[in-house]
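Listed next: structures, encoded as C-alpha cells.
Two complexes come next, and they have one chain in common, subunit A, joined by subunit B in the first and subunit C in the second.
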Partner chain A sequence: MVEERRILYEHLDVPDINTFDVFRQYDGYTRFEKAIAEYQPEEIAKMVLDSGLKGRGGAGFSTGEKWSFVPRDIEPRYLCCNADESEPGTFSNRYVLEKNPHLLIEGILICCYAMGIETTYVYIRGEFTLGKKMLDAAIKEAYEKGYLGKDVRGTGLNIDIYTHPGAGAYICGEETGLIESLEGKRGQPRNKPPFPAVEGVFRKPTVVQNVETLCNLPFIVGNGVEWYTQMGPTYADTRFDPPKPDANTGTKLYCISGDVNEPGVYELDLGLTCTELIEVAGGLRGEEVKAVIPGGSSAPILTHYELDTRLDFTSLTLAKSMLGSGGIIVMNETRNIVDCLLNIMKFYAHESCGQCTPCRWGTPWVRDIVQRIADGDGRKETITRPKFGVAENGRWGDTGETEEIYEDLDLLESVANNIANVDTMTWNTICVFGIAVSWPAVSYMRKFRPEFEAAIREGKLVTLPVAEATVPPEENYAYQQRFIPKEFADL
Partner chain B sequence: MALIKLNDLEIEVEDGTNIVEAARQHGIEVPHYCYHPGLSRPANCRMCLVEPYGPIPGAPPGTIGPARQLATGCTTTVRSAPPERKLEEKYDAIVQTDSPRVKKAREDVLEFLLVHHPLDCPVCDQAGECDLQDYSYRHGHDKSRYLEVKNVPPKKDLGPDVLLYSTRCVVCTRCIRFAEEVSGTGELGLINRGSHDEIDIPRSHEGTPIQLLDNKLAGNVVDICPVGALISKDFLFKSRPWFMEKANSVCSGCSVGCNITVEYKADGVYRLKPRFHEDINQHWMCDDGRLGYHYVNSDDRLQLPLKRVDDELTPTHWADALTVIQEQLSEVGAEDIVVIGSAQATNEDNYVLQQFAHDVLQTTQLGLFGQLPGEEHKFPQFTIEADKNPNTAGARTILGSANGNVVLEDDALWEKVSGAKVVYLVSGAPERPLGDAEKAALESVDFLIVQDILPSEVTQLADVVLPGTTFAEKDGTFTNSTGWVQRIRKTIDPPGEARVDWEITQQLAKQLGGEMNYHFAGEIALAIAENVPGYADATHQNIADAGIKLAGNEQ
Partner chain C sequence: MSDELVQIETPFAFNEENQREFDELIGRYPIKEAAMLPTLHIAQKQAGYITPAVMKYVAEQLEVTVMKVKDVVTFYPMFFEEPVGEYVIRVCHTLPCALRDCKVVLDHLKAKLDTDIASETNLAKGTTADGKFTLMKVECLASCDVAPVIMINDDLYKNLTPEKVDELLAKLAS
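Up next, the complex of A and B:
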C-alpha cells in the first residue's frame, strides 16, 4: 500500500495555520530567511534548475529553465502567480489558498528574491472568494510582520503582492490570457513568441507560475536539492547524446475524483501508477475501471488497458496523454463515454474565448456533433463499396460487399483534428486551448469507438460492458506512443 | 535587406517585412483577413499560415526542414541574419506558402469561417469584392460538412453611415482596431464570447446605443471589412462592384489631397474609396470626402449657359453667352477687369485663366476664390484640414506665376471687386454661402461672369453663368497643402452642355482674339512645367498615380 507523502500539505490541517504565528511555529518563513542568509539569487535559481522542478500548472515545463529565459537587465520584472485553477477535475490550489496561504507567500518571496522581482500579482479565480479572503488576510499579516513591503526584514528587498480576482473565464488560466485579463483587457491569449518570460505583464519580463509550483520552492530551499530529487523518477532521454536527464522529481497534488471511495487531494510522489492511485483514494467504487482521465478534462483518456501507466510528466506524454494539472477522474463500468465527452465538449464550447477562427467555430461544432450522436441522431451510412475481387458471377469486378460507415465519427475526428491535430501535435490556433479540445474528442472516440458506434446504430446512448466498449491497444493507433519507449530507460 | 527563399523564388525584401507583404511584393498571394498593413497584427484569423523552414533539433548541423508548427505570415518578419545563422548558407529565411500542409490548413480555416456564414452572396453588397468569396474560390472546400443550426446574430445599425450584418462577420477585429488605433475614438468592441462573439457599439442593458460609430473616419471600417459585414448605407444596394468602372483620383474635399478611387458608371459617381499613399493618407479618407461626392450627381447641376434677361437668368447657348461676354469685355479697360481663379479648380484651369487674364485681357488683377474654411479635425493617425479646397496652394502659385500678376484674397480681393466694372469669377465650390462683404462687393459689379457647377448665391448675382465641371469630370492636377502635385481623372461626362473649365476660358480667349490652343490637360501641364517655378517635373507623365512632391516642400 502506497503511503501519502505530505510536504506541501503537511500542516494543512493544523488549526489556524493560516495565521502568521501558527505558520511560524511550523518553520514558516525560515526557508525564505535561509535563502536570503545563505544563498545568492543566482544560486537559488540554480537550485531550482537542479531540482528538476516542473511547472505544476499543466504544461510541465521545467521551472528553472523558464527562469533562465528571463532577461535580467530589463526592469521592472514581474512575478505572476496563476491561481486561476479552473481545469475541471482540479482543486488542489484552492486548499493551499484557503488553508495555508502563508506557504504561497513564502514561495513567492523566494521566487522574487531569486529573480530580483519587486512586484507580484496573484490572479485568483473569481469563484475562490474564501481563498482570496484568506490570502488577502495573510498578505496583510505578512506586511505587518515585515515580510512584505519596503526593505523586507532589513535586507533591502522591496516585495509587494497584489491579488486580482478573475471574472470567470477558463481561458484566463492560460498564461497570456491571464496577463491580458490582469492588464484589464479581454481575456484572450497572446501570440507567442514573445513568451511572457520576455514580454509579459505590461510588456515586461514576467515569471508566470502556478500556486503549487511556488509552494514547492520553500521545501527545495529548506531541505536541499538532493532531498528533493529523491522523490519521483528521473528518466534518461536517449534521443540526446549524452542522454539528457528527464526529471519528474518531487511530489504532486493529485486531485482524485469520480468513482473512487474517498475522492480528494492526495499528495504523492510522482511516478505512481493509476492502479496505485485508485487504491490510495479508497479503491474503486463499482466493479471495474472503465477509464481514467489523468490530468484534467483536457487530457486524453486512459483505458483499463493502461492502468499501469505511471502518472508522471514523461510517462503520460509517452502514453499520448498528459499529467496536466493532476486532476484525475476515475470512471467505472456504469459510465457512458459518449455522455462524458458531451459534458466535456459543452464546457469547452462555452469557454472558447473566440479570438481565433478554428477554436471559435470548431469547438461548438464538435460539441454539436457529439450532441447529435448522444441524441441518437448520428449519421450512419451503409454503403455498397466497389471492392475489387472475384464476384459472385466468377468474374473479376465488384464484389458487392457492404460496409458500414459512421460518417459522424469520421467528421468528429476530422473537425477536432482541424482545430489541433493530435497525431502531429500541431495546431492552427493561437493557444493550446485547441489541443485541449481535440485531445479528449479524438482520444475518447478512438479508444471507445464501439460505444460511439453503438449510440449511432441504436439511436440512443448505450453503455457497453468495459471489455466490449474499449478498443484494445494493438488495434488502434490512438495508443501509439509518440516517442519510441525503449529509447527511454530508468536512470 | 534580407534574402528569402519563398517557394521556388529567391527574393530580397527590406528588413522587418512580414511574409504576407514579402509575398505580395512578388505576386504571391498569402490569404489573410485580420491582417491589414495599417493596423496592429493580432493574427487571429489564422488564414495566413505559412511553413517556415529552420534547423531541425537533434539533426546534424546544416540540415534544415519544415518547422513543427505553421506560423502566421502576418507576424513572421524576416531580417538579415548573421552569417552563422544563414540557411543553406545564404538565405535569411526559407518559407513555403503553397506546401500541402499550408494548403490543408487554409482549407480547414476557411471551412470554419464558413460554418456560420449565411452564404447570402446574392443579396450581399460585398459580393464581387469579398475576401471570403475570393479565398473560398481559390483555397476552400467545394462543399460544406456542417449540418447544425447556424448562429444568427442580429443586424445592427452602428452609426449614421454604417450597418453591421453580424451574420457575415468573421470577427477579424479590423474595425475594432481601426477605431482604437487610427481614429482613436474606440466606439467598437467585442461582446459575448466564443462562437457568440459580436462586434458592437456600447449599449445600455435595454440595447439602446450609448455611443454611435459617429466619427469622421467611420466610413473606413467599411473599406477594411474583408467580408460583407460592415456596409455603407450610402452605397447599400446601389450597384454591383463589377458593374462600376474605377479611376484613380484625388479627393477634392480639403487640402489634404487624399488619394482616392472614383467608382462610377455612365450615369454618375457611385462611391469614393481611399487609395494608399504612404505620405498623405495611408489607407484612409474621411467621411466628409467619402460622402461629399453627391453634388456631382445632383439634378440641379448647371447644364446650359445662363444670361440675365429682364432680371431673370435664362438658358441660352454657348455662342450667345460668349458673344454677350465679348461685348462687355471689349467696352472696358484692363484696369476695370478682375479675373478670379478658384482653389476648387485644377492647376490647368487656373493656368489657362491666368494666361487669359495676362495675355488677352492684359490685366494683372487676379483673385482667388474658394470654399469657406471649416474645422480642423485631428486623429491619432489622420488629419482633416480646415482649408476645404483641394488646390489652394496650386491655384495661388499658378495664378501669380506670370509677370506682374497680383493674386488678391479675402478682404483685399473684395475691396478690389467693389470698384471693378467686369468680374470673371470661377467658383466650382459646391454650396458656397456668401458673406455680407462678399455679397455687397459682387452686387456692385456692373457685369459679373460666374463659372460654376451648381446654382448658388454667387450665380444669383451673375449676369452670365457658364456651366463648369467638377473634379469627377475632368483631367488635371491638384497641389495639396504639403506640396504634393497629384492627378485627378475624368470619369463621367459633364452634364448637359457643361464644359471643362479651362476649355471655357480658352474659348472665351479665342473669341477675344487670343492665341491659345490647348487640346488636353496634359498639354497645359507641360506649359506649367515650363513656366511656373517649382513645377518643372510636374508633367502628367511624371505624376502618374503616385504624385510628385514639389521642390522646397521636403521636410
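Up next, the complex of A and C:
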C-alpha cells in the first residue's frame, strides 16, 4: 500500500503549531532565513523553476515559469494568495489556514523575497471566518517578531501581508475575478491577455498563487531542489526531440470525499492511481466503484474502466480530464449519474458571473435539460425513416429498422459545446468557467449514456448496475482519446 | 407610514469600534474603493443587513457612487438586502454533501423550524415567524470530508444527523 508522505501537513496536528513559538521549534522561518542569507532573489526563482513545482489551485501551470513572466522593472508588484477554495470537493487550504497559518506566511515571505514584492493580499473566502481569524493572529505575531513590516529582520526588505475577505462567490477563485473582487468590484473575470503577471491588481504586475503552492516553497528552499524532484514521476514529453522532461514533482494534498470509508486530506506523492488512493482513504464504502471525479467538480469524470489512471497533472490531462484542485469525489454503485450531474449543474448555474452570453444563458439551459431528464420528461423520438445498413438479404439497403433519437442528449451536448467545446478545447467565454461547465456535462453524458437513455426511456431515474451504466471502452470515443504517458526514466 | 420607510430614512454611521477597524483597513489599499468588501462586511455586522442608508454611507466613505456599492452588494451572496434571523443557518447541498445525505438534514431543519428555504431574492421566505432563524442552501463549504455540514452564523458544524440538529437547535433556543 502507498504510504502517506507528510511534508506540508507534517506538523499540522502539533498542539499550538499556530503560535509563533511552537512553529519556531519545528524549523519555522528558518527556511526563509536561509533564503535571505544564502541566495539572491533570482536564485530562488531559478530553484522554484527547476523544482518543477506546478500550481495547485487548478490550472497546474508551472510556478517558476509564471514568475518569469513578471516584469521586474515595474513597481510596485503584488502577490495575491488565492485562499478562495470553493471548488466542490476541495478542502485542503482550510486546514492550513486554521491550523498552521505560519507556514503560509513563510511561503509568502519567500515568494516576496524572490519576486521583490512588498505587498501581499490573501483573499480568503468569506465563509472561512475561523481561518481568517487564525491567519490574522499569526500575521500579528509575525509583525511583532519582526518577520513582517518595515526592514524585516534587519535585511532592508519591507513586506506587508493583509487578509481580504470574499463574500461567497465561487468565481472569485478565478485569478482575474479575484483581482476584480480585490479592487472592490463585482468578481467578474477579465479578458486575457494581459495576464495578471503583467497587469493584475491595481493594473500592476501580480503573482496569483494558491495557498498550497506557496506552502511548498519553504520545503524547496530548505531541502533543496534535488530532494524535491525525487518525489513524484517525471514524464517524457515526446512531442519534443529529444523528449522534454515533464515534471510532476512533489506531494499533493489530495482531498478525498464521497463514498470512501475515511474521507479526508491525504498528502501523497503525485502519481498514484485512483485505486491506490481509494485504498489509502480506508477503501470504498459500498460494493463497486461506479465513477470518480478526479479534480473538483469541474473535471471530466472517470469510470470504473479508468481506475488505473495516475492522479497527476500530466496523466490526467492525457486521459482528457484534469487534476485541477485535487478534490477527488468517489461514487459507488448506488449512485445515479444523472442525479449527480444535476447537482453539479445547479452549482454552475448558480455561480456563473453573468458576463458572457453563452455562459449566462447556456449554463441554466444545460441545468434545465438535465432537470427535465431527471424528472422523467426527457425528450425522445422514435424515427421510422429508413436506416441504411446490411439488410437481411446480405446486401446494402434499407434495413427497415426504426431508430431511437434521444433529442435531449443531443441538445445537452450541443448547448454545452457551444459554451465551450470539449473536443477542440475552444471556449466562447471570457474565462474557463465555460469549460468547467461543459466538461462535466459532456463527459458524464458520453461515458454514462446508458443511464441517461434509461432515464428518458423509463420516464424516471433508473440506476443501472455499474457494468451496464457505462459504455465499454472499445465502443466509446470518449475513452479512445485516452493516452498513458511514459516516465522519463523508462526511455 | 410603514416601518420599512422609516427604516430607510434612519441614517447609518459606524460605531466607534467599527470606525477604528475601518480606519485601519483603508490604509491597506492604494485606492479606497478596494476596501469595499471588508467595509460592507463590517457594516453588515453592525446593521444586520445592507439598507439603502448603509450603501449611501459606505459610498461616501469610499468616495464612490451609491450605484457602485449596490452593484457589488447584489453580486455577492453573503450580503443581505433584507432583514435576516438572529441565526443564519447555511446548509451545504453540493455533490459531496449530497452523497452523504444532506437532504435529510435540510428536510429535518425545514420541518423543525417550520419554514421554507430562503432564496437570494426572498430571504423572508426562509425566516421563521419569530425572526430567530433564517434557513438557506449554500454551495460547497470546503469541508466535504466531514459532510454533511452546516454553518450557523460563523460556526461550522460537521457530520450532521437529525439528532445532532435537534441538539444544536435546543442549545440555540435556550
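Basically, the second predicted complex is superposed on the first by the 467 of 491 C-alpha atoms of A that agree within 3 Å, B and C clash if a C-alpha of one lies under 4 Å from a C-alpha of the other, contacts with A are read in each partner's own complex, and residues count from 1 in each chain.
Keep in mind that, in the parts below, a residue touches a chain if its C-beta (ideal position, glycine included) is under 8 Å from a C-beta of that chain, and two chains touch if they have at least 3 such contacts.
The structure displayed is predicted, hence computed values, not measured ones.
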| item | value |
| --- | --- |
| Partner chain(s) touched by A:Leu104 [first = subunit B, second = subunit C, both, neither] | neither |
| First (subunit B), second (subunit C), both or neither touched by A:Ala169 | both |
| Contacts of A:Ser352 with subunit B and subunit C, given as first, second, both or neither | first |
| Touched partner set for A:Glu87, first subunit B, second subunit C, both or neither | second |
| Which of subunit B and subunit C A:Met47 touches, first, second, both or neither | neither |
| Contact breadth on subunit A, by residue count: subunit C or subunit B | C |
| Subunit B versus subunit C as contact partner of A:Gly258, first or second or both or neither | second |
| Which superposed partner A:Leu130 touches (first subunit B, second subunit C, both, neither) | second |
| Touching partner for A:Pro364 - first (subunit B), second (subunit C), both, neither | first |
| Which of subunit B and subunit C A:Phe202 touches, first, second, both or neither | second |
| Set intersection of subunit A contacts, subunit C complex versus subunit B complex | 169, 186, 350-351, 353 |
| Interfacial residue positions of subunit A with respect to subunit C in the complex | 85-91, 93-94, 125-130, 160, 162, 164-170, 181-187, 202, 255-259, 263-265, 293, 297, 327, 329, 331, 335, 340, 343-344, 347, 350-351, 353 |
| Residues of subunit C touching subunit A in the complex | 28, 30-31, 33-38, 40-41, 62, 64, 68, 71-72, 75-79, 90, 93-96, 98-100, 138-147, 151, 154-156 |
| Subunit B-facing residues of subunit A, complex | 169, 186, 191, 239-240, 349-358, 360-365, 368-369, 372, 411, 414-415, 418, 424-430 |
| Sites on subunit B touched by subunit A in the complex | 42-47, 49, 58, 68-70, 72, 75, 105, 108-109, 111-113, 115-116, 145-148, 170-171, 190, 192-197 |
